[in-house]
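One chain, subunit A, appears in both complexes that follow, with subunit B as partner in the first and subunit C in the second.
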Partner chain A sequence: MKDFLINLDRRFIFIFVAIGVILPALTTFPLPIKPTANVRAIYNTIEEVAAQNGTVLISFDYGPGSMPEIQPMTLSVLRHCFSKKVKVVGMCLWPQAVGLVQQALDTTSKEFDAQYGTDYVFLGYKTGMHSLVINMGRDFQGTYPQDLQGNNTADLAVTQRIFGLKDFDYVICLAAGNTPDGVWIPYGQERYKFKFGIGCTAVMAPDQFPYLQSGQMNGLMGGLAGAAEYEKLINTPGTATDGMRPQSVVHVIIILFILLGNTIYFLYDRKKGGAK
Partner chain B sequence: MLFLRRTLPLLIAFIVGTLGILIYYIPHTAAQDLEQELARWDRIIAAFAMLLGIYSLMSLHLNRVKRQQGGWGYSFLVFLGFGLMILFSLYNDGLGPFKPQVADSGPFVWMFDNVQVPADATMFSILAFFIASAAYRTFRARTPEAAILLVSAIIVMLGRVPIGVLISDWIPWFSQWLMAVPNLAAKRGILLGVSLGAIATSLRIIFGIERSYLGGGE
Partner chain C sequence: MTRDQIFFITSLFVFFVINIFLLATGSLSPDWAGLGTFIAAGITLSLYSFLYKDNPLFKFTENLYVGVAAAYTMNQVWYTVLLADVINPTFDLNGQTGGNHEWLLIFPVLLGLFMLTQLASDNISWLSRIAFAFVVGLGAGLAIPRTIAANVLAQMQPSMQPITADLAGFNLVVILVGVVTVLIYFFYSVEHTGAVGVASKVGIWFLMISFGASFGYTIMARLSLLIGRAGFLLEDWLNLQLPLF
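On to the complex of A and B.
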């Protein structure tokens, strides 16, 4: 038994994790989701933008790998904007995001009868990352003369009065990489001082706290939990809310395994230096 | 030849690097226009760099096939996937390559939705299993520092999911405090160190002290 626990086959752990994901995903039990101040800040800013009949720029910088975490944020933020008649301009710094965002726009625009060109515009992907943001800063329509469908941005109701990044009432970056702190803050927010909020994967969230404290970003949605909090705020439970059940159970399983590993380590394995 | 291989790239790096720094601090319209122009050039170069990346990837896999290295059969899949997606992209759901890309229908979108999305998501989700296994084997309170890290990790793991609220309202609060105070302090310190390092490396490149980007083992 001692040797079995010290050198526990990883497949046993895999089985526990699989059960921890599958069973809670197939069942329903209520869990309390309390929106944090950082998530609420994004929600409140969109409410303010709605009161001004303003425009939001959303940079979608993620791919299929991070889709389970970020796509619920995309859907929730778009639903919030469309329900409050906030105009949306979407763009991508990651090419893989285009297909995912198109799906999200198709779904949410139908739900709220949002019209392309008058309520939202999708610009698609362009290369350049930081250079693209520098160009957008002073010459939005020159950087994006056309949208993804080939319409002139100068003719579209949403973008015809947008000449630079300062003209957006809020910029949101939904990201799975370093675009918020590596591109948008140094080359966009810091120079043009627009309001900036982000949604990112859970693993990225700790890196963003210095920018929150400095005021360079005003809100943060971190991982699936952040997405679930936003779903709670707009009162539309989705995949993130459902995902909280398996995630909660798997977190508990991992904690139990950590505790078990440490118990074995202190009881039997300490002198030998740990399991191999 | 030495001029083209070494002196000219060093000269370009010096001029463009110095200009890039100077125009950031000059609020004059001419400087800002120049910055816009340089950024446009950079975007064009970035687009061509993609072609270079594709060439590099293809030649790597071609060599694997030629030398029949381990797993060389998978390299065929790279060519197959790349070739198919290029063809579907040019086909553009029947509109051809000179019309704006269709993003909601057609074989390109079908391949993306039914191959890339599930494959990529599956790869990423496997992490949950490996994290659990690695945590069991390696996350040990061997030292007081490791014990503090372990306790903090458990609090954050509980605080980030609703089950933490069920246990106690203090867990999410303490988790948030850990992120917003000790984590922030450490991250900011790391960030400052990395930024200073980046500035030093940039200056070394601009002034031609760091030349490894030229290649040739120098």
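On to the complex of A and C.
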């Protein structure tokens, strides 16, 4: 038993994690979701933009690999904007995001009868990263003369009065990579001083907190939990809210495994220098 | 035949039997959407088969993903960058420039082509140095001031606020102690003994707490992906009407 526990096959952990994901799917039990101040800040800023009849720029910088975490954020933020008649300009710094965003725009625009060109515009992917953001700050319509469909941005109702990044009332980056702290903050926010909020994968979230403290961003949605909090704020439960149940159960399983591993280590194996 | 080979052949057989059953019962539609679900389920299970052991199915799927992602990226770059930003304005193919050909765009295109000369013979590969020199010069020129402004100066400012007798002030003290002790831990010019040693140990604690927070968030991220795929397999592929998904 002692040797079995010390050299526990990692596949046992995989089986427990799989059970932890599947079992909560077979039943429903309520779990409270309380929106945190950082998520609420993004919600409140969009409410303020709605009161000004303003425009939001959303940079979608993710791909299929991070879809379960970021797509619920995309859907929630778009639903919030469209329900409050906030104009949306979408763009991608990652080419893999284009199809996912198009899908999300089609779904949410139909739900709220949002019209292309007057309520939202999708610019698609453009290469350049930092130079693209700098150019957008200087001359938005020069950087994006046309949208993804080939319409002139100078003629579209949403973008015809946008000449630079400062003309957006809020910029949101939904990201799975380093675009918020590697591109948008140093080359965009720090230079053009616009209001900036982000939604990111949970892996990235701890690295973003210093930018909240410095005021370079005003809100942060981190991972599936952040997405679930936003779903709670807009009162539209979705896949993120549903995912919180298995998420919580597996967290408990992992905490128990960590405790078990450390207990075994301290009881049997400490002097030997760890499991072989 | 080894045990692993029998296991994988049986798994493949079971997968195909399940799909035939789903088709027969109408749970999987015999159209493009159904084919997409079938392929996506197969690819998901192939990737998760790595949890048992490395195997040819996993390798095949891994390489397939790289190939599909590269092709999709090429497609996006062709339509939204090369065609829209280079070919159309240079040759005025869609009337975007109103008859004015933007010939100046040829210079950045040339620089880009110079990069590819690295793949060609030694006689012309030196041309790539011009392109790399441009990229390095531009990159450094843009990055250095921006990084210092955004990641150093702007980050120092909130750590230097007056300390107040409330929760915000307490947070500020914690951050200040954390910054100073972690900097001391990474300062190797002085032996870590006495007061420096104590400060360095406190620094290690701050680092450990930070690693723990990162690890916790990483678990949450990876689980979210697993939950997403489990939802797809149970709901979209097996068509089980579960309360959760």
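Operating definition for what follows: the second predicted complex is superposed on the first by the 275 of 276 C-alpha atoms of A that agree within 3 Å, B and C clash if a C-alpha of one lies under 4 Å from a C-alpha of the other, contacts with A are read in each partner's own complex, and residues count from 1 in each chain.
One rule holds in what follows: contacts are C-beta pairs under 8 Å (C-beta built on N, C-alpha and C of every residue); 3 or more make two chains touch, one makes a residue touch a chain.
All figures in this text were calculated on a predicted structure; none of them were measured in a lab.
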| item | value |
| --- | --- |
| Contacts of A:Val252 with subunit B and subunit C, given as first, second, both or neither | first |
| Partner chain in contact with A:Ile22 - subunit B first, subunit C second, else both or neither | second |
| Partner chain(s) touched by A:Glu48 [first = subunit B, second = subunit C, both, neither] | neither |
| Contacts of A:Leu148 with subunit B and subunit C, given as first, second, both or neither | both |
| First (subunit B), second (subunit C), both or neither touched by A:Leu31 | first |
| Subunit B versus subunit C as contact partner of A:Gln102, first or second or both or neither | first |
| First, second, both or neither for A:Phe14, with subunit B first and subunit C second | both |
| First (subunit B), second (subunit C), both or neither touched by A:Gly65 | both |
| Which superposed partner A:Pro210 touches (first subunit B, second subunit C, both, neither) | both |
| Touching both subunit B and subunit C, residues of subunit A | 14, 17-18, 21, 63, 65-68, 96, 98-99, 124, 126-127, 131, 134, 146, 148, 150, 202, 205-206, 210, 213, 222-223, 225, 247, 250-251, 254 |
| Touching residues on subunit A, where the partner in the complex is subunit B | 8, 10, 13-14, 16-18, 21, 31-34, 36, 63-68, 96, 98-100, 102-103, 106, 122, 124, 126-129, 131-132, 134-135, 138-139, 146, 148-150, 202, 205-207, 209-210, 212-213, 222-223, 225, 228, 244, 247-255, 257-258, 260-262, 265-266, 274-275 |
| Sites on subunit A touched by subunit C in the complex | 11, 14, 17-18, 21-22, 24-28, 63, 65-69, 95-96, 98-99, 124-127, 130-131, 134, 145-146, 148, 150, 181, 185-187, 189-191, 201-203, 205-206, 210, 213-216, 222-225, 239, 242-243, 245-247, 250-251, 254 |
| Sites on subunit B touched by subunit A in the complex | 32, 35-36, 39-40, 42-43, 46-47, 50, 99-101, 103-104, 109, 112-113, 116-121, 123-125, 128-129, 131-133, 135-142, 150, 153-154, 157-158, 160-163, 165-166, 172, 176, 179-180, 183-184, 187-188, 191 |
| Residue ranges of subunit C touching subunit A (in the complex, touch as defined) | 51-52, 69, 72-73, 76-77, 80-81, 84-85, 94, 96, 138, 142-143, 146-147, 149-151, 154-155, 157-158, 175, 210, 213-214, 217-221, 223-231, 234, 242-245 |
